[in-house]
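Dropping the structures in below, format is structure tokens.
Same chain, two partners: chain A is paired with chain B first, then with chain C.
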Partner chain A sequence: MGGTAVELNLWAVSGIALVAVMTFYVGFRSSRAASTTQDFLVARRTVRSRRNAAAVSGEYLSAASFLGVAGLILKDGVDALWYPIGFTAGYLALMLFVAAPLRRSGAYTLPDFVEARLGSSGLRKLATFFVIFIGVLYLLPQLQAAGLVLSRIMPVPQWVGPVIVIVVVVVNVFGGGMRAITVVQAFQYWLKLFAIAAPTFVLCAIFIGRGGAGTDTTALTADAPPTFAETTTVRVETPVRLQVKEPVWLWADGRVNGAPASGDVFWRPEVGEVTVDAGTTLRFNAGSAVPVVAGAPADNESWAKPSSGGAGDLFTTYSLIFATFLGTMGLPHVLVRFYTNPDGKAARRTTLHIMLLLALFYMFPLLLGALSRIYVPELLVTGRTDAAVTTLPVKVIPGIPGEILSAVTAAGAFAAFLSTSSGLVVSVSGVLSTDVLRGRVRDFRWAALIAGIVPLALALVLRPNDVSLSIGVTFALAASTFCPVLLLGIWWRKLTWVGAGAGMIVGGGLVIAAIALDVVSRYTGDWAPSFVKQPALITVPIAFFVVYIVSKATHRRQPGDTSRTLLRMHAPDPLGFIRDRDVARFGTAEERARLADGRHRR
Partner chain B sequence: MSRHSAGAGPGRSPRDSQENGVAGPPPRRKRVVLADSRAPVTVLRTVVELEEQTSYGEELVRGFIRIQFRTAVRLALLAAVLLCGLPVLFYFVPAISDITVAGVRLPWLLLGVAPFPVLFGIGYWYNVLAERHERDFVDMVEK
Partner chain C sequence: MSTTERTGAEHLPPDPARWREVQDSADFAELRRRLRRFVFPMTGLFLVWYLVYVLLADYAHGFMSTRLFGNINIALVLGLLQFVSTFVITMLYVRYANRRIDPQAEKIRAQIEGADK
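Our next item is the complex of A and B:
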């Protein structure tokens, strides 16, 4: 990015190197235990609920959570709090409707569940396609953000970050599959919690110790824009439109409003918006008001209040709640972790633990986001709010302590890229190896290579996007494809494979169309209405409706063993109806024989 | 865990001895097991009925699924009403933003802190209810 030379930040680089080495070591240690297909696919279904919960949280807290949430709070204020709420509430929906029955179905991948329930190999292929598509779509922002973070702390090109992430992840998955990844992800949850909690505690202590924000800065609830606490130089690297609410004297070098500017300029509130081109340097004096990027609340008063922009805002909020609430249960890399539970009861308890761990984590981005509004308002000028978490400590604490804290957050962000990517790679390669290849351990390893290299190539070719935004769209896609099939498949007898397939194609197709339209609109002047950016509130009901109508119309295609499948999914674990399909397909003769006995326990 | 150690105990020796037994030392002593002690000890009439899907078993399962589904839907609705009520509340009662509690605006507390204990509480409640329903069902089956 940009032409400025980035100097090597030794602390951050060694923090990231430490995380990479520890990740590799933890994965290596636990991959010695993995030898069979069932180890690689579902860790032999022996992961206890606490460790599993830490692993799910570890993989779920991606770059969007670690960096994005604080950045969104810095930019959008109280409205951005819906992201953490939705991310957590998704697990409530998962627990209420999906967790235990999904585990008891005995499936080992999402396509396998679809086939177990509806008995159609064609539908299985469609599900395979969507799992891989969602996996890659989710992986891309992780890799691109890794490139961005790494290129900010050391003088390397953008492709280095993604390559390091993929190498570490693929080596781990290659060595031990799910067995290795489980421990890695559980370890990385605690690492991330530490990496965000420690700086937050220190920064809050300093904030309180100084007796609040001080006199130079605007109070977070004042009816005025945030102000620069000290003279600040901002380099604009992508063109931005800025809102000017207060008169600002500044020094500019570059192109402003399409005309060359060099020297002191004065922006009056009457001009409203100012366009600043890439490559422009702006210098603001201490105490001057911060011009905020267009589309975000310009003053602290409206930042601190829930949006009241009318029905459009309300629609976006509800659509986001909807997408995250129902989308979590459709994310293949989250579901793949649920198959590793020993039984249905453990799956439910895992989910309960996850909600606790997530709630604990999300306290910290909230505080960091609010603090960055006071201390790093210059990020509002460039719109690069994702950098809030990593730049805040250096700004607040000068010298080496600040750099060390900043390095801790950078290492945490890197752990986020690693753990989410490993979850995605393991879920995609599980599906690839059993549905496209033949499902031996060797196939799983090949699949892991493919699942790592293809997204890597895409990440290097495609243009980086706003990290959190594309995550929202991924949730919408998951909610419009797998959510109806899972919910209706688990609770509704009359579902047919035709209905499920039609719903997935229509729901998924609509979301993909919305993504395409949004990309086109972003290149041609941003004309797309808000429902194109967050389409879940429209596409999910349509998908449900299509599944319902088509299933009704094709009721003769109901699979003959629906009752038996439903009994298996819902019967309490002690009755011993669980039949693990991975054992039936990949197990040894002995394991299969034991499976046939059932295991009723008193 | 290796493939073989999965079947530790009685099941293990036959295969090993077959593989080595042709030219090697005389076959090892075999333990003959008439009944696997880990195998199910209880084959209950109701479990069989569930498995065979008699009309009685089918009705039992349907009833049980219905109970679990109702519990889940009720709790989901509770969570949805509590959460989805907030945007409407902020939209129609903007004055709520001016209330401060301990120096923090009320919407920040309502969105940043309050939802998490509520969500966890609902989840905990569901866990208790679902496990209770399962225990009741098992007790009924094993009666």
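Our next item is the complex of A and C:
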């Protein structure tokens, strides 16, 4: 980012305000009828598959997708393609193994499933804990990214963004719960698609109209670092290590390599890496090579090629594939959506639509990431590449049109924070209200409040890091806890609650330990090896193994109704034959009318 | 649907013996077999294709950076094919499920409900 103070971008502020108001409006308009617990949690299972698909995608396309993917493409190049591919492929695994049987089981949260399948209330509590933990962990980057975006378009501190997001979400959930949220989410998907597609089309048209990148920038496959297209001032806000591949003349004010620097500086390639402290201002001349933050490919040729770092890179990539492929099914806000399908067939159709919608969406951040490499290389200096999507339009098109485009992307980013956060708050509070509180509508509202405020507090305390990277760890956690239990629970009759519990504790414990280690290492000089940052390749097999071994050892604990549960999951849909668990729980419409207080019964 | 004050559990037809009978029936075995026959090989194929791509990326630089036209190299094309293949598998599964799995499931349901009435 430029070093000057942030100016108020009125366009962007009004865009964000519009998104918030529209979200309120759509939510409230559709929420008048929602009043029973069933309405809140599963939207009466009447949501049509196409709208449901848009809602799932809308909820799923988080800050990581909207800002993070473009940023990672800018920084890491072709390797970052694995994020969008994994984010999409996770749905394939979900559909193949889990979607239809789980829907038929009639349990509509993960704790419900665990209890229905294995008949242990202790295991249910453990599952509840992990659902809440994953939800909060997933909310953090959304909130932090909201702070980042807002503090770049208007002169406000970082905490304002998260607070706004949580207020909008909680008020909306108060108003209508899940049914309202389904409509809101579907709306949010189209909003986000527009917000990322429109700027991409305009920017690509301009890029092609100018006859490509021009002669003063480095081609995207050239064996040289990217170059600054114009004189650029960079303010370093967190300490960075930069790779120097080409000689650079620059002007610096602050601390470089631990010594005070003020005035002209010359960096030779021989020095290799340069450390720049927080608060330093660097000014580069037009045409000079960009020193890229350490750990990312420094020249465009290696940027445009898939990983070349040997075994370490191979491990990280496999680990990421594992985490996203198996983790999606363990995300609470994704699973709960599948219960709003009327039957298994609709659940499959929904999945197909979701994948189409996701693939369509992901084309655009990829293009924006590549364009950013040409037009906003200064983000490579600070490493804050998450800002690429919102910064790019202003840099390419100066003046009002650029500001308007930038406002569109900022509004889209806000839509991303709002939709993912609402989905998470709804599913976390659903679990909180039925498992921890007493499951009435009033409890659901209290739970929503708690589910909003706790992550907000954490987001304000913890230091933000790359949005997509922390999302990767969340997927790893979901893959190491719920994936083995879901897969084996549906496909292996010898699973016992002891085995499932042990697997969740070991898998989840390992990932949590890795997260803790990584946080400590970030504050003390970044010494952690790469497998700590992306541990899924180790933790998921261990979790599976533990579940298997312990279940074998405790085979006497197999629940007596295993056959019945398995048949119910693999046999046809419940049309009178198998009663929905939510109907069993909340009663039919007539029954509910008689029980005016609406308390649920087990 | 009766409106008497009963809890959901009592509504669950039929009795455990009947469940076990269906569970052990050839039709149900066939249903599970059909599902497995598609799901497991497809997953294997899919994973191998992913993992091989990464291996190629790491150890077959020459092959992967072969230029097809302009700046487009084999790595890029294969990468985009990952997206396409994910989608193709999904479509195949939806078709397979609609044609082969659902009819079998319907059959079992008809049997149980028929016997239940």
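Simple rule for what comes next: the second predicted complex is superposed on the first by the 577 of 602 C-alpha atoms of A that agree within 3 Å, B and C clash if a C-alpha of one lies under 4 Å from a C-alpha of the other, contacts with A are read in each partner's own complex, and residues count from 1 in each chain.
In this text, contacts are C-beta pairs under 8 Å (C-beta built on N, C-alpha and C of every residue); 3 or more make two chains touch, one makes a residue touch a chain.
The model shown is predicted, which means the values in this text are computed figures rather than measured ones.
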Query raised in the report: Fit or clash for chain B plus chain C once both are placed on chain A?
Result: clash
Query raised in the report: After lining up the shared chain so the two structures overlap, which partner does A:351 touch, if you call chain B first and chain C second: first, second, both or neither?
Result: both
Query raised in the report: Touching A:122, do we find chain B (first), chain C (second), both, or neither?
Result: neither
Query - Contacts of A:78 with chain B and chain C, given as first, second, both or neither - result: both
Requested in this report: Quick one: classify A:304 as touching chain B (first), chain C (second), both or neither.
Outcome: both
Report task. Return first, second, both or neither, reflecting whether A:295 touches chain B, chain C, both chains, or no partner chain. Result -> neither
Query raised in the report: Where on chain A do chain B and chain C both make contact?
Result: 78, 81, 84-85, 88-89, 91-93, 95-97, 100, 221, 304-306, 308, 314, 317-318, 321, 325, 345, 348-349, 351-352, 355-356, 359, 362, 563-564, 566-567, 570-573, 575-577, 588, 590-591, 602
Report summary line: Residue set of chain C touching chain A in the complex reads 1, 3, 5, 7-9, 11-13, 16, 19-20, 22-23, 28, 31-32, 35, 39, 42-43, 46, 50-51, 54-58, 61, 64-65, 71, 73, 75-76, 79, 82-83, 86-87, 89-91, 93-94, 97-98, 102, 105-106, 108-109, 112-113, 116
Query raised in the report: Which residues of chain A touch chain B in their complex?
Result: 33, 35-36, 39, 44, 78, 81-82, 84-85, 88-89, 91-93, 95-97, 100, 221, 304-306, 308, 314, 317-318, 321, 325, 345, 348-349, 351-352, 355-356, 359, 362-363, 366, 491, 563-564, 566-567, 570-577, 588, 590-591, 597-600, 602
Query - Touching residues on chain B, where the partner in the complex is chain A - result: 1-3, 6-7, 11, 39-44, 47, 50-51, 53, 58, 61, 64-65, 68-69, 72, 75-76, 79-80, 83-84, 87-88, 90-91, 94, 97, 105, 107-108, 111-113, 115-117, 119-120, 122-124, 126-127, 130-131, 134-135, 137-138, 141-142
Query raised in the report: Any idea which chain A residues touch chain C in the complex?
Result: 78, 81, 84-85, 88-89, 91-93, 95-97, 100, 219-221, 304-310, 313-314, 317-318, 321, 325, 344-345, 348-349, 351-352, 355-356, 359, 362, 561, 563-564, 566-567, 570-573, 575-579, 581, 583-585, 587-588, 590-591, 594, 601-602
